[in-house]
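Which chain is which? They are A, B, C and D, in the order written, and residues in each are numbered from 1.
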Amino acid sequence: MTIPAPLTGVVPPVCTPLTPDREVDVPSLIRLVDHLVAGGVDGLFVLGSSSEAAYLTDAHRRLVVSTVVDHVGGQLPVLAGAIDMTTPRVLDHVAQVTAADADAVVVTAPFYTSTHPAEIARHFRLIAARSSVPVFAYDLPASVHTKLDAHLLLELAADGVLAGLKDSSGDLAGFRAVVTGARTHTGITGFSVLTGSELVVDSALALGADGAVPGLANVDPQGYVHLDRLCREGDWERGRAAQERLCALFGMVKVGGARMGGSSSALGAFKAALYLRGVISCPVTAEPQVPLSEGEMERVGKYLAAAGLL
Amino acid sequence: MTIPAPLTGVVPPVCTPLTPDREVDVPSLIRLVDHLVAGGVDGLFVLGSSSEAAYLTDAHRRLVVSTVVDHVGGQLPVLAGAIDMTTPRVLDHVAQVTAADADAVVVTAPFYTSTHPAEIARHFRLIAARSSVPVFAYDLPASVHTKLDAHLLLELAADGVLAGLKDSSGDLAGFRAVVTGARTHTGITGFSVLTGSELVVDSALALGADGAVPGLANVDPQGYVHLDRLCREGDWERGRAAQERLCALFGMVKVGGARMGGSSSALGAFKAALYLRGVISCPVTAEPQVPLSEGEMERVGKYLAAAGLL
Amino acid sequence: MTIPAPLTGVVPPVCTPLTPDREVDVPSLIRLVDHLVAGGVDGLFVLGSSSEAAYLTDAHRRLVVSTVVDHVGGQLPVLAGAIDMTTPRVLDHVAQVTAADADAVVVTAPFYTSTHPAEIARHFRLIAARSSVPVFAYDLPASVHTKLDAHLLLELAADGVLAGLKDSSGDLAGFRAVVTGARTHTGITGFSVLTGSELVVDSALALGADGAVPGLANVDPQGYVHLDRLCREGDWERGRAAQERLCALFGMVKVGGARMGGSSSALGAFKAALYLRGVISCPVTAEPQVPLSEGEMERVGKYLAAAGLL
Amino acid sequence: MTIPAPLTGVVPPVCTPLTPDREVDVPSLIRLVDHLVAGGVDGLFVLGSSSEAAYLTDAHRRLVVSTVVDHVGGQLPVLAGAIDMTTPRVLDHVAQVTAADADAVVVTAPFYTSTHPAEIARHFRLIAARSSVPVFAYDLPASVHTKLDAHLLLELAADGVLAGLKDSSGDLAGFRAVVTGARTHTGITGFSVLTGSELVVDSALALGADGAVPGLANVDPQGYVHLDRLCREGDWERGRAAQERLCALFGMVKVGGARMGGSSSALGAFKAALYLRGVISCPVTAEPQVPLSEGEMERVGKYLAAAGLL
């Protein structure tokens, strides 16, 4: 399908359920997609950080994108990450996910290697030139170690290189510069500005964002869809209450504490929650992430119970 | 061949010559290998940072490692990088390079995703368990954004997980802790401690390193082999002079200045030098690196001339 | 005077006008205070980053705080920064500013030296124990290189150690945790949560912040007071428009570009604006900051004109 | 006295003994100076990081520098840190320490505030213009969050602005560029290049450094003097053994582990060692550093015993 321009609403970054031996659990993935669609979401983003894209082999990635695209069957737009270090490697992923009929690709700046603004611009231009579907920029400085500059993004939007932005930088002021710039710049139409910050979706929508890509929406898609609808109606007071409820639920991401990395803890918690809610069959995360203990799983359950999700 | 334990001497990280349309230039790669072997080097490291591994597709990587292994034909050990974000993806690369008969694999800590010491240990243990050849750790905080801890490296060495270290951290004190620890720890034998710091190879050898993996050795293998031999003979004064000559030559890596990233400038300069010396047919670097201008190429030539290499 | 608990509204961090030979320009400082009071602000913060506190000698600091406190004469609360590296040095500044009758002190975590959460807590507890006025925490990771943790802040608030927070971290999600925690934690009353982020004051107020400490309010106090009032009335749409007008005006901080540091450019622009608006006599910043050129001053004038301030 | 140009040998950064109520313990400070002089050191550096300069009030700093200068009485050169955020504040400290007859001042780049190479150059030029004694640059990126560039240092040396460098950056390659540049640059004479890296003093001397400023020399001045003499004689093998013995002793700095900051642990260990060796009366460090426990003190004792110092 053609992706809406702009894409609006809630577009969860879909977790990748795994079997106990760390293969993609296709039936669980399909149930997860059904759970999200039933929750009323507006699109799906596969192969992003919440999908453990960094941990999936190329074969896993192909299986994920084809499973989701085939199952969704054009009901909803499916964006697919093409996460890799540099242009030639990203282009290989773009070829794979577009062969599987993803509706858009989501691409970061180069990482691992040192980079430069001129090289970041060149990277996005080369990818857009060779991609058959729209390209979204993915701003994730915690992983990429570069912050995408608002002026560069707007220039690439005006030139038709980028169709949208997924911003997980945590920098709301920089995000606002893109939102405002995309609205006021005469050469830009239909550019999608999406926030990946679960905890300030109400703020992002209030300042004009088109939508959100919250990892926590795997656990509670209805919660985010409800928040989005309240904000769209201008009911900021109830929107804030809905957001604060989700902030409390998000506390689960710290359940692993200091004995593991942030990814093990956060994605471990999301998968534990999906397992406890009966959506997926196994809460395991990919190697070398540290698994949650039984006690940590129980604490995830308490977060779900407090939010009325269990 | 079985890799020496420890591996000593000069082991250049082999540049990857490209054609004007950014395919691997096999004849140039073979000439580069011949140039290095003729220079007296003790081993070859393919698919590291100087090889632009981050920029090479999987097909390019396979072609590089098979070309070099086949051409060297067991005369020298060939180490191959298996550079990717996490354990499952690294294991795919390990399978590829060992299928092509590389003699050892070189692996970083996880990157892009957030990580934790427990996960780094788990990563190396899983990889070693599934690799048919010895595993070297690659410490490159500028790219990986994690520093490998000396205690962890020594623990993994003692447990037979790691066969060696390539240290490009720039932290000589931390490097010394590994060198001294590997010598004094009763459970460790034959662990190879190699520095990737072109500018202090003499210092590293003086404190007990086994060898060096200097990117600049692509340009002047004889220079590094000479330096290594002087240090081994204990001729520190002439060693220092040889090192200072190489430090001056290394100045070429800044030739691109502030208009491009460090990788574009440094690898661009190495390739320009190899082109000017007649070793490779085309000085181009992979996308999205910015190419050197004519004037910048000329300045590389002046560095070569000053070092008597042109 | 006793500082309100919580302190609400707009509390500008007052610039420090200097003479051409870099002494405190007392008449200009008094005019600046009058300009802010006439603009309707709710308090004044002297000796913060916008005051160039890092550049002021102890004698300058004493002159600034006594001038402002004496001139304001209890009409408005005056908070004073006590910015230094560690507890003993901060305590000396606390003694100075409280001797000059400041109504509260504003203190960062230790900097320059390496620090630890246990030491940060100890630091604030020791300072509060020896301060005769309330202590506000100042979260400014760009300068301090430590982020204050929401849990620690709430614990110190509950223990009566801290009376408030000035958050210039740019991390709205972390800020929200403090705002929400301060509201819901049973042991906390009257804790002031203030944002220092000029560009998202509307967002901060919408999620429950008590007020703002925007450097740009030196230039346009009425603009921020208007924004604050709109938000308090729940007129979010006009609030957003007022905020966007201020975001455009804030563009002046980049006027110095790449030829100087961010402080030289931003504080240089604020002072140029105050000079062009006739509030202060000389736009000079403290050494070693690079002064703005004539052309850069003119561009500041264009920002003022576009905002209707000239 | 006039400071030698270059200053060579071992110049310990002198710890600041404190009383249990955190005042400067003058008798202990004098005993510490005697201990260092008896150890054969070539100069003294007061008010640096190992002196807890960041934690000392201005009154403490004045007392330290006058005590040491008066006691030493011109036998040895005394360098004094003038550690503060920016030019005007540093100049106040320069005035204080030169009033107390320090023979040179040691100054970092600006910190806390954002800075720029042009501002760093301006900072050193302004300070040198107003200092009656030679100015040494202090490169300590862990505290200052800026790395001093070799080209800038050499330019300032050639212009007579800087008399020397204390390098605690840990970047031996960058240090080497200064050492080699100072030797080969025709406009530079008598510039002192000193390393602050305790663990690679042999390496620094081998590549041409003039001397060392090792914090651990408080604990074992003879050890460092012996190392320095061996290196000067070209006995690199015994030099390396002496260095490795000191590296083992340096292990004490980690005794506080993860429950405190690095400064609390390292300076706590140095002071514990001086206390256990009978040099100072009380091992306490300044607030808000966490004190070592009894068990941690005992472990310091074991390091001393292993090195034959107890």
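Keep in mind that, in the parts below, a contact is a pair of C-beta atoms (placed from the backbone, for glycine too) under 8 Å apart; a residue touches a chain by one contact, two chains touch by 3 or more.
Note that this is a predicted model, so its numbers are computed, not measured.
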Touching both subunit B and subunit D (chains): none
Steps needed, at minimum, to go from subunit A to subunit D via contacts: 2
Farthest-lying chain, centroid of Cα atoms versus that of subunit D: A
Centre-of-Cα separation between subunit D and subunit C, whole angstrom: 35
CA centroid of subunit B to CA centroid of subunit C, Å: 49
Set of subunit C residues in contact with two or more other chains: none
Overall pattern in which the protein chains touch one another (line/ring/star/complete/other): ring
Complete list of chain pairs which touch one another: A-B, A-C, B-D, C-D
Subunit C - residues contacting subunit D, complex: 22, 49, 54-58, 60, 83, 85-89, 91-92, 110-116, 118-120, 122-123, 126, 142-145, 259-264, 286-290
Sites on subunit C touched by subunit A in the complex: 170-173, 176-177, 180, 197-200, 202-203, 206-208, 234, 236, 240, 243-244, 247
